[in-house]
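Below is one structure, written out as structure tokens, with a few remarks after it.
Order as written gives the chain letters A, B, C, D, E and F; numbering starts at 1 within each chain.
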Amino acid sequence: MSHGYETGRLNLPFVGISTFAKSPYQPDWSAIDADVAILGAPFDAGTQWRAGARFGPRGIREASTLFSFGHNGAYDHEDDVTYLDGVRIVDIGDADIIHTDTVGSHANIEAGVRAILAAGALPVVLGGDHSINIPCINAFSEQEPVHLVQFDAHLDFVDERHGVRFGHGNPMRRAAEKPWVTGLSQFGIRNVSSTAKEGYDAARAMGSDILSVRQIRALGVAAVLERVPAGERYYLSIDIDGFDPSIAPGTGTPSHGGFLYYEVLELIAGLAARGRIVGIDLVEVAPDYDPSGVTSILAAQILLNAIGRIFHPGEVTPP
Amino acid sequence: MSHGYETGRLNLPFVGISTFAKSPYQPDWSAIDADVAILGAPFDAGTQWRAGARFGPRGIREASTLFSFGHNGAYDHEDDVTYLDGVRIVDIGDADIIHTDTVGSHANIEAGVRAILAAGALPVVLGGDHSINIPCINAFSEQEPVHLVQFDAHLDFVDERHGVRFGHGNPMRRAAEKPWVTGLSQFGIRNVSSTAKEGYDAARAMGSDILSVRQIRALGVAAVLERVPAGERYYLSIDIDGFDPSIAPGTGTPSHGGFLYYEVLELIAGLAARGRIVGIDLVEVAPDYDPSGVTSILAAQILLNAIGRIFHPGEVTPP
Amino acid sequence: MSHGYETGRLNLPFVGISTFAKSPYQPDWSAIDADVAILGAPFDAGTQWRAGARFGPRGIREASTLFSFGHNGAYDHEDDVTYLDGVRIVDIGDADIIHTDTVGSHANIEAGVRAILAAGALPVVLGGDHSINIPCINAFSEQEPVHLVQFDAHLDFVDERHGVRFGHGNPMRRAAEKPWVTGLSQFGIRNVSSTAKEGYDAARAMGSDILSVRQIRALGVAAVLERVPAGERYYLSIDIDGFDPSIAPGTGTPSHGGFLYYEVLELIAGLAARGRIVGIDLVEVAPDYDPSGVTSILAAQILLNAIGRIFHPGEVTPP
Amino acid sequence: MSHGYETGRLNLPFVGISTFAKSPYQPDWSAIDADVAILGAPFDAGTQWRAGARFGPRGIREASTLFSFGHNGAYDHEDDVTYLDGVRIVDIGDADIIHTDTVGSHANIEAGVRAILAAGALPVVLGGDHSINIPCINAFSEQEPVHLVQFDAHLDFVDERHGVRFGHGNPMRRAAEKPWVTGLSQFGIRNVSSTAKEGYDAARAMGSDILSVRQIRALGVAAVLERVPAGERYYLSIDIDGFDPSIAPGTGTPSHGGFLYYEVLELIAGLAARGRIVGIDLVEVAPDYDPSGVTSILAAQILLNAIGRIFHPGEVTPP
Amino acid sequence: MSHGYETGRLNLPFVGISTFAKSPYQPDWSAIDADVAILGAPFDAGTQWRAGARFGPRGIREASTLFSFGHNGAYDHEDDVTYLDGVRIVDIGDADIIHTDTVGSHANIEAGVRAILAAGALPVVLGGDHSINIPCINAFSEQEPVHLVQFDAHLDFVDERHGVRFGHGNPMRRAAEKPWVTGLSQFGIRNVSSTAKEGYDAARAMGSDILSVRQIRALGVAAVLERVPAGERYYLSIDIDGFDPSIAPGTGTPSHGGFLYYEVLELIAGLAARGRIVGIDLVEVAPDYDPSGVTSILAAQILLNAIGRIFHPGEVTPP
Amino acid sequence: MSHGYETGRLNLPFVGISTFAKSPYQPDWSAIDADVAILGAPFDAGTQWRAGARFGPRGIREASTLFSFGHNGAYDHEDDVTYLDGVRIVDIGDADIIHTDTVGSHANIEAGVRAILAAGALPVVLGGDHSINIPCINAFSEQEPVHLVQFDAHLDFVDERHGVRFGHGNPMRRAAEKPWVTGLSQFGIRNVSSTAKEGYDAARAMGSDILSVRQIRALGVAAVLERVPAGERYYLSIDIDGFDPSIAPGTGTPSHGGFLYYEVLELIAGLAARGRIVGIDLVEVAPDYDPSGVTSILAAQILLNAIGRIFHPGEVTPP
């Protein structure tokens, strides 16, 4: 195995242009040639409390350079696997955002995801607020059906209020309406929320499996995975506020009592082994509320490890 | 059930004047008509390290608006209960504080709590440093006796040093001296503290039950509750530094190894079922040390959930 | 003259609910009875760089409490005038904002300004981004004509791009189109901007007088005032980024080389003497970028002093 | 001239214990042997808005290490003088502060200043809030009379409110009452203040010369100095909020329109030449509101340059 | 037992010069007379991501004053022991650092540790980045052999890249090469790291025992301690990023999934009972990334508790 | 003139990968084809106080996107010129930095500048600390001679101390030694500095013209320009601390009394008209000390305006 720093550059993390994981930048969306394509979706007009997720893609990209040493891949001594070795990642930049225009901005995001899918790459979309999940799911309309797995503090299952149907409280309801979404697993949902009781009732009626963090801890990773249909195509929607505010303070609506790092990583690793993860969005990182940078680091760390496990699914099992 | 946003306003969290939970503001203390009355006690001259708790009431009030959607109550899917539905909360503003005058400021706080008690409402006092517990307890002199349950990193049981008897290291000693305080449960006490060994000896001699976080975890929620006299009237004094610095950095004297969110909520829910909670103060939130806002959010979240459980005590049991 | 603290409360700045200048809160918009009415317009979906102006109203209100001692009015020893003595200010809260819906949010802001005008009070609107000037101006459609005086780094004269006509780069163009806006004085405009050359040409063609900070300094206050039509009704639109980033860092798009405090105050005092100021908006304060709070303090300080001079126009002249 | 780094240590600013200017630490107040003695007075219970000045001494000490290279003295190329060469500075630590006890804390500060004066050294006191000027002035009761020169945004001339006579709004009134204070020059006073009109009237009646920043700029340095009695012993009380918030955001009550750095330095240099500066306090630095550290740096920079000019009064004249 | 505040000063935490735990300052390295000597090593040019550890010693010293009440020792009610009673600590200041010169700076650090060892005191070195472990270990060349116990997220076992052998990725490799280092226990190592697989292989080949946080939790404290050779002399190297980012955000390279406070304290207490701890360094605290101060507080808290347990090894056992 | 947003993307500032001014990224240094090439030099081991300038290039790049609307060029209404129209800028990324190795890192920076010069483009280098000026100047060894114009608070003319010759206090001395540097104009130098009197003497002896900010204000722009040799090739070295801390707090060693924005821009515009600017470095931006982002914005704003004026030298004159 030869490492990048053996020839040429030492390439320390703080050096160089901030693409995701210092991957090549491909602004031409018709020329994507990769296993994984990163798309930024810096839209945050769907928020109901603190904005700032528009800077999520930049924050996550910069944090991701911390993990982008010149090694070929990322060695994990617990699994004894060098993840990411040989996985081709490209960064295709951001979808164009039009201020004051939610529908237009969402359409541009959808176009980006469609371009990635057309190229046969795994789309990994960096939000933006959770409303950007709506165009991401729309882009799968011509794909094989998917089961949506959400990590989140909030149910996000509001149908409509004051005419709003495409805000960050609505995406899971919008997804559940799609014929190509076969079901939802909603993990981490807890406490006070923007969704009222009727939303929970509707979600359950439309087939959602809703589990809180405490419930998931009581069940254990294996039992939780058992509740997800096996052998499916999974779409992951990771709201960073699914994590505990202690490690993800940099978000619009922190909610105490959330997931810790390995709890989510073990579930994702399990899903990667149980079926095929075909799309990811990670949303609601707001760097302005993250003075120590740990939230952006968390986002980058979970994404890189998730991608690693997706492309080495048979080699490890969750501990 | 009809929600506020069905008529009139969407009322997003970031919109509007910051009273606690966007409850009505009642500056006339002779006209309190509510189940719960919120009083700010922005006094922080009792601190021995970092000040700033004077902005605690404003910080908590603003954070509380996050949880103040137009729903009728707060639905908790784990308990399948819509808490707070029908609970009438008013915010009566702050006690008047006189800089350089501890005794005068405390007297004004005491007057506020007495006004709430006279109105038959539950007093919920937002500190301010922990010395404000002293006037809160004083205000119960004409009430039926109470058992004091403290959540805190520090024992706060110093009798007197250099003449200081009303600082934030003294309140539990002052409370223990009161005839109408029948006992103390001091939960979360740990590690290095402003109280020396003599203080611990005195506390135990005066009837305190002192438990650290590790001891409480070893015992479990149910066993801890068993140590609290059953069927009593409880007064809760929640020092935010009883929580772990990971979720409550915004306080004067953070102490590592503290409580997590649900540990405290489960104990409070248990107390609400085991007896009657008749007064609450939550102290030592210092927003200037809380750049991500998670400490103020924690304070608002625990208070709203505590109030919810107090008014639905028979409906749920701790998990 | 009797002061508030002579009876009752000392009422220190950090004590109490944060309405603007601790003025009475009047949520009933049909019952406004005051000389001045404060309306929050926490809308920031019109921004093209950093958001966060949605917390402008709260930030300005809290900062304004610093200036709200129990005095009857604010004594200025340079002018030997006690401003604000007897001026009746009310805070009517915020316009309802609907996320993802610019038109609906703007309509709610317009309704608030119309209510204030109907009550015969001076509307002072706290943004929010500069797009909220659009509904403010709309609300004057039934009033006598106004001359608009803008303090800003940016011309904000974009007609339309990608369909956007109501973002924070458009308001001055929208205003110039209105029959009831007789002209514009655009002060502080400088350097790189979101408006291209065509916008400047259009502004001049539509009657704008555009002056940079350097040009205003070269002319002097008196000469600048001479360029504003005398004896008119003036509407002031104060973008906080018209001020220098040294004193107004807490905004979306700081632009170096801006106004200092007294430069703007002297111009406003001059306008108050030269005609009648009939409406004010102050926009683009973003507290999350203002860690020391000086931007919110600046906004509160300029507004309170402006109101003071409006109601004592004949008593002082700019130095 | 030999420099410290020529022998032994390079002694970079960030290296070593933070005494003021890395001067020797002398905790024994009966053994002060120096030209200048630094005393910390970390008391901030006199504040009416933001606290935090208790950390002023530590903040200023740490910032002062930036200017403490191993040079013998500080060369100023504009004056062509190496200031501070041979001036013996010691740091005697902090006065003991007793929380909740203003009178006791003030007494301890007074004792420290008396010890410095007894040793024949120049006292330089680092606040704490402006109330600490009260014990500083008290300590001069047995000295030859002094003329007090204040740099401040606020008049601080409140006599008494709600029983408060020793808060940070009272010191200049307390000073004016002393027989050994022959007069006051109050520079920088501006805009909205905690002192009402009566306070200004009283100050003028008791002999104060009150000048705003704008008035001082209009007069010029020389004319301002002419208004200060010549050949006197001057006591300087520098409230950091006399400076503009642009360079001194880190303080409790920033007030826009303040002094810039050289404006104050030129006035102090002029005073050092016009008479004898016999005592200094610098107050209201609150590092928690100073995220970039520029306020503490300003305090250290003005103090070191002031001390330099005091000990080289004949060598330079203000530009 | 007599406490400091019974005579003389109350000595609140925020008062006084910031030496470690307010211990006496001894700048003369030939005159160390103490049980424990604190040395600052403010060198951070060995970092590969965020710098700032140069301010670690100052940050830790200031935080340590929080735990430096006038008590004689620190009473821990869980162990019923008053730790630190009678332990003589001195602070010998910082090693001289020469910018752009790693070898020279390291030599100065080594000289400091050698001076402490020559005086028979326990060296406790405050980093700086982890490269400062290299001179610390060098200083033990004439001592009895030691077993190195590392708490860290990263293996730090890179041999050489681009000529770099003394950066913060190299220290454990450098230590393993020393004849007087008999073995390494590397605790907390996890996830993506600057060390590639070859480094892990080399570490294991050279005798390292590598355990992740999850592995240590699965084993339990007692079983982990069993893997450390009994009865040895232990050198502790504590990288603050061994702790979880939730409690240690203020560091250069936070890594999620780390240790909590008591996990490390229990292991250290166990080591203190199992053998003799003869040296400690605590590295990578970067206060500029620690806006709430919790990381510096953690460093001070773990060090003071570790020192306490070292000098009372037989009195307690880990819970 | 056609604008970018007329076809394709609106391209708001917060959207997209952060290259300088969103210019094309050219990682192949042998294929530079542009008028201007941007090189990052993220080296900060030369600092003597606060580090963090390693993140300067990323901070400036991100801030520069604020000024990168889809316009063709930047219209300045005061000059009535659309600057930058048609100027081809590329971003060639960063020089490789090797931690603990100053000489090696500097060599990599020199290689980058040489590549730009070989391509015939104007090198604009983003520091990093001021030591990176040393390799920049080295790279001009084969070019026609240059006159160096420095904007800085500090003289940076130390020859050698403790063996250090390539730190951030040495660059102007290193430059003055070069045969191809014909002279130095050192503007903004003031107050306490790391350079002792001997350094000033040496600088003057070697031909430097040293002017403070106050001296430059007294002279006026035109007179200052007269002191710079006319018709020369100028190399600009802009230390951001030449600016006032009020607008440039985000730097290692802020020094009060510095330049304001237009003062420097007018001098640069004058130099662009008086001769030919053939190289620029802008150093010491440390984003971690710049919580509001105004320092990075200042750096981007002055660079973009400087480049604009360099390529339109005959069209405007300083006001």
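Following the convention adopted for this analysis, a contact is a pair of C-beta atoms (placed from the backbone, for glycine too) under 8 Å apart; a residue touches a chain by one contact, two chains touch by 3 or more.
The model shown is predicted, which means the values in this text are computed figures rather than measured ones.
Within the contact network of the assembly, the step distance from chain B to chain D comes to 1.
The pair B-E is the one among E-F, B-E or B-D whose contacts match those of D-F for more than half of the residue pairs. Judged by shared residue numbers over all numbers used at their interface, chain B and chain C contact each other through mostly the same positions, with over half in common. Chain pairs A-B and A-C differ in how many C-beta pairs are in contact, and the one with more is A-B. Distance between chain D and chain E, defined via averaged C-alpha coordinates, is recorded as 39 Å.
We define each chain's centre as the mean of its Cα atoms; on that basis chain C and chain F are separated by 37 Å. Chain F has residues 10, 12, 14, 48, 50, 54-55, 98-99, 162, 164, 244, 246-247, 289, 291 in contact with two or more other chains. Chain pairs that touch, as defined above: A-B, A-C, A-E, A-F, B-C, B-D, B-E, C-D, C-F, D-E, D-F, E-F. By the touch criterion stated above, chain D contacts chain F in their complex at residues 1, 3, 5, 10, 12-14, 66-67, 69, 71, 74-78, 82, 244, 246-247, 260-262, 265, 291-294, 297-298, 301-302, 304-305, 319. Within the complex formed with chain B, the chain A residues making contact are 48-50, 155, 161-162, 164, 189-197, 200, 210, 212, 214-215, 218, 244-247, 249-250, 253-257, 289-291.
Within the complex, the chain C residues that touch chain B are 8-12, 14-19, 25, 40, 42, 54-55, 58, 61-62, 91, 93-99, 291. Taken together, the chain A residues at the contact with chain C in this complex read 44-48, 50-52, 54-55, 98-102, 104, 131, 162-164, 166-168, 288-289.
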